[in-house]
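Chains: A, B, C and D, in written order; residue numbering restarts at 1 for each.
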Amino acid sequence: MVRFAVIGAGRIGSVHAATLARHPRAELRLVHDPVAGAAERLAAAHGARATVDVAEVYAADDVDAVIIGSPTPLHVEQIVAAVGAGKAVLCEKPVALDVARVDECLRAVAGQEHRVMVGFNRRFDPTFAEIHARVAAGEIGPLEQLTIISRDPVAPPVGYLAQSGGIFRDMTIHDLDTARFFLGEIVEVRAVGQQLAPDYAGSGDFDGAVTTLVAASGAVATVVNSRHCATGYDQRLEAFGPLGSLAAVNHTATAVRSSTATTSGAAGPYLDFFLQRYAEAYALELDHFVTALEAGTAPSPTLADGRAALVLADAATHSATTGERVLLPPVTVARSHP
Amino acid sequence: MVRFAVIGAGRIGSVHAATLARHPRAELRLVHDPVAGAAERLAAAHGARATVDVAEVYAADDVDAVIIGSPTPLHVEQIVAAVGAGKAVLCEKPVALDVARVDECLRAVAGQEHRVMVGFNRRFDPTFAEIHARVAAGEIGPLEQLTIISRDPVAPPVGYLAQSGGIFRDMTIHDLDTARFFLGEIVEVRAVGQQLAPDYAGSGDFDGAVTTLVAASGAVATVVNSRHCATGYDQRLEAFGPLGSLAAVNHTATAVRSSTATTSGAAGPYLDFFLQRYAEAYALELDHFVTALEAGTAPSPTLADGRAALVLADAATHSATTGERVLLPPVTVARSHP
Amino acid sequence: MVRFAVIGAGRIGSVHAATLARHPRAELRLVHDPVAGAAERLAAAHGARATVDVAEVYAADDVDAVIIGSPTPLHVEQIVAAVGAGKAVLCEKPVALDVARVDECLRAVAGQEHRVMVGFNRRFDPTFAEIHARVAAGEIGPLEQLTIISRDPVAPPVGYLAQSGGIFRDMTIHDLDTARFFLGEIVEVRAVGQQLAPDYAGSGDFDGAVTTLVAASGAVATVVNSRHCATGYDQRLEAFGPLGSLAAVNHTATAVRSSTATTSGAAGPYLDFFLQRYAEAYALELDHFVTALEAGTAPSPTLADGRAALVLADAATHSATTGERVLLPPVTVARSHP
Amino acid sequence: MVRFAVIGAGRIGSVHAATLARHPRAELRLVHDPVAGAAERLAAAHGARATVDVAEVYAADDVDAVIIGSPTPLHVEQIVAAVGAGKAVLCEKPVALDVARVDECLRAVAGQEHRVMVGFNRRFDPTFAEIHARVAAGEIGPLEQLTIISRDPVAPPVGYLAQSGGIFRDMTIHDLDTARFFLGEIVEVRAVGQQLAPDYAGSGDFDGAVTTLVAASGAVATVVNSRHCATGYDQRLEAFGPLGSLAAVNHTATAVRSSTATTSGAAGPYLDFFLQRYAEAYALELDHFVTALEAGTAPSPTLADGRAALVLADAATHSATTGERVLLPPVTVARSHP
């Protein structure tokens, strides 16, 4: 049984608490949130203790691992403190909003990087994971083109944008990790940003984007993003190679198809958002983390993966802002724990 | 070049005239219809002669083959006369509304049956024909269950019903032929009739039906019919065997899929009716007929197939009326010309 | 919190135990199975007590409700005993293999029928339930034709057949309940049985069947069954009315579509069997039961629904054996608890 | 009746000749090809005259309009000569391989531009045209993102590449026209080229590309191209706006879906190539041309459209070669004939 603390009792912390409750070999012991009521409500719902003092998390004898779901600016100090206290860490993405800060983190946990996993949950989605495995098995030959369409249902309030790091670091970063998951090292980035909704016009951020990534292998990934989508959370992907293609289509709540005088075979809208669409991914991500801890192996994606996705998000931000293509130096990150 | 006359300048005669115009080795020379204007209009559109006297068709030196698209009660006498005059015949279904009349026809053309083809056009539809060929090739193992859903878009006016022979002889007969095409000899028939639209209540006929056919092989075919379908002409079929299944889905006018706030992936309605849905089937049916004439082989489906489908339609009518299952004697029809 | 005992520690008992573990307002306290090891294993996995003596279930002060997942011949005596002991009951289908036995049960629990729910779980499947709700809301107009295709992935061993009651009481009964769920009172039944796999030839049972049901409303339901299906658990349904249709398509494990040199858009096989396909239905069924107990209302489907489905299964068995249509008298069952 | 000459008796000339044969108000009178046998074979098949002397086309009294399907380097001189001789022209794309040459053409036919139509046939494809019309009608709100996936089945021989103008002018140009058709004026172009097949490595050309186009409206189009596709001719498009999306899915030869032990719902491969996929588009393109001639209106797409697509292809070529984004000046082309 792996004993957990959850830092952050907001939306994503609640997802992790619920996922822990369903895992047969995991147990939630402690919930931290600076807002006392929030911590207590979540803790109570799962028979755990609550604290407003994050230091209690690091000090707790009955906590083996920490899931960090706090605001991004707190991630690095919490990772470092938890690892310093001997805890394993599963930290939500992004690790930080700038690469220098991730590098600080890497230096601070040097030798213990393998105790930290970054929450790029989509790698664990059964649909994406199946495509990844079938591509890896050679079913379509060497991957040549990857096309990702990734649209959120509703844009966040403009007030949220200031601390978000912008669309590429906040939203596209998931797709950038997916691109790396499939294509490996990326050497060129081009991006175009769009301001579609009226309130994005003066925001300094984008609510639409198209990012093109060239891999060292010569393969190209294209990512089409929008902050809004009337039909729901639009999450598609197509891997194309010389022998064929493998595509992920959207999920709907039920398997109903309706036909009327004007249409045929209409499914319902896509699942609403990430909590619904990636519910299984969160559970499988946790299972991977627990299993790695039990086995003493390094979970993945790693801090280095978190850093690499952020480097791509920075490059895309630069490209969308300046119109320039960004060439990336060859990657020489430290390898994960063997 | 095979030279044709078309008997009947109505809807189906016009289809055949247009199909002839597109066939590279067929030529329309003569159109007969008792309504002078109708014959002339159709003939003029295709550079052919018109006549109100059907005897001219049989007498015409420049006519090798006759397509019969007249009202059903005239079919047999026209088949017999045309064959007697040395013409080959492609006759629309049904051959007649009672089996005794078909038997008269068979006796009258004895020795020349192989000069007559019956227009069960669906056998030539590329989708159904592909499934038939793949089943025959063993792709799903021995056929065990065949499910046909066949619905017309709009019911004919009740006034039409009196001379139609009823839903089983008029509409289901196509599906009964399809069942024979896939399953061979049928030994048991059960049918249920429905009166769905208000004006069918006192009509003596049905506008909905479910027919179950047991084949000598043990396979079972189920046919679900309706005289109306809001979404268009609903023409589906599924062949099921121990190794898998092969299904025909509906055709739509374009390959557009629309997604909105309430639905995803909606196609347009089904193609409207048989002229659209089976346009290719009519052309391939004609090509089979022309090719057989050129080669001196017997086209198929034959008069015997026309008779067999009518026997099934009679059985279904009896079953739906009485509630009784109908057992059919083993088939011993004369085989087609070798 | 509703406290439960589960009777029967086999496959279906394990499903219910796992479902109970995930329900926030239900608790498993006791597991009974005549095989001591089986009861203990299941109880231990969920922190409950085990017993080989079923009387302990009825006597237990800390048990409010009993889920019966024992062999069918034991259902009635266990329902009666549990209700007599003041427990509410959720009993797996079928209630019994003959109607007389269900009637004994109804007499024995008279006045307490509303404390018994029958486990026709498919009514709670989100896909089927959505279609039912949309039909009830009038989206397609009055229901005219219901087509159910229901195929198990692999036939049970022939040795199982003797005590199964035959395909109609064992397998089709779910579809017969679905037909009643959509169409209400059924007045005519026709069925055809098939012996498809070689070992079914001398079995006295069928492994394929087509059942046609006529409702008092004039609507017709068609049920196509097979005990085997290469592609998995084939569970489809189409409701058709004058304004359109609503169809349930099969579920697959992931949303992957593959395209190769010979095919396009291929999904994976269907979910394997009922434990996978109806996992959500079991959870929603339990939730309905728990919510009804908490509210003091009568859960549904009722014992009367269990009886009605068995009457249809008997009629289908008779029809398939004799070739006769079966007419059913108007239903006059006692209504559920108000 | 509009009387036609076809210049070029190769593959595309044959398509046009066959399309003319099926049009009720068009007639093929003359076929020109420098290879005598080729011209004669095609002419004979359609009852037309043949000539190896292109001047005969311009001089022919019984020719109202000319379809140009010759090699690209000949297009401009043939357009100019035909227009000079009073003929209307339908010219295959691209008009030329460099913009200066198109400008020469525009100058030479000044005042008669409305007599020339450029063969961007995809605008007439019923699927694409339906999406265009529904977008124009406001069904999805203002168009925000257009995603085009366009892959040929098999790469042309490397020997062909030298005179092709490169992938963007030869293949992508169709998609660039489609982007303009949907988005109007384009102001920015970015492109990435790929060399996927081994024989493209030293070719100086690409066999894969991703092109991103920013419209003056702020909308973005993404075009993913490959010269090979195992599944056939991959021709998809998705228009996305705030109210939903409209997508074109691929066409297959039949409506068969197969299910096996490992897959479900598999369609056949996509239609093989443009002759199959766009057969209807060629017919509707011709009909538009004929109808415009009869009405004395200007057919569309125009020479200006041909020029604009070439400008985009040049920009994409430059971007893919240098890595730079290309900004385009505001468009100030002469408008079509009123």
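The rule is simple: contacts are C-beta pairs under 8 Å (C-beta built on N, C-alpha and C of every residue); 3 or more make two chains touch, one makes a residue touch a chain.
From a predicted model like this one, the values you see are computed outputs, not experimental measurements.
The set of chains in contact with chain B as well as chain C comprises A, D. Chain centres here are C-alpha means, and the one lying farthest from chain B is A. Averaging Cα coordinates per chain places chain A and chain D 42 Å apart. Centroids built from CA atoms put chain B at 58 Å from chain A. Multi-chain contact residues of chain B, defined as those touching 2 or more other chains: 230-231, 243-245, 250, 258-261.
The touching residues of chain C, when paired with chain D in their complex, are 230-232, 250, 252, 258-270.
Listed in rising order, the residues of chain A touching chain D in the complex are 144-145, 147, 149, 151, 188, 190, 192, 194-197, 208, 210, 212, 214, 218-220, 222, 224, 226, 228-231, 238, 240, 242-245, 323-325, 327. Looking at the complex, you find that chain D touches chain B at residues 22, 126-127, 130-131, 134, 139, 243-251, 253-261.
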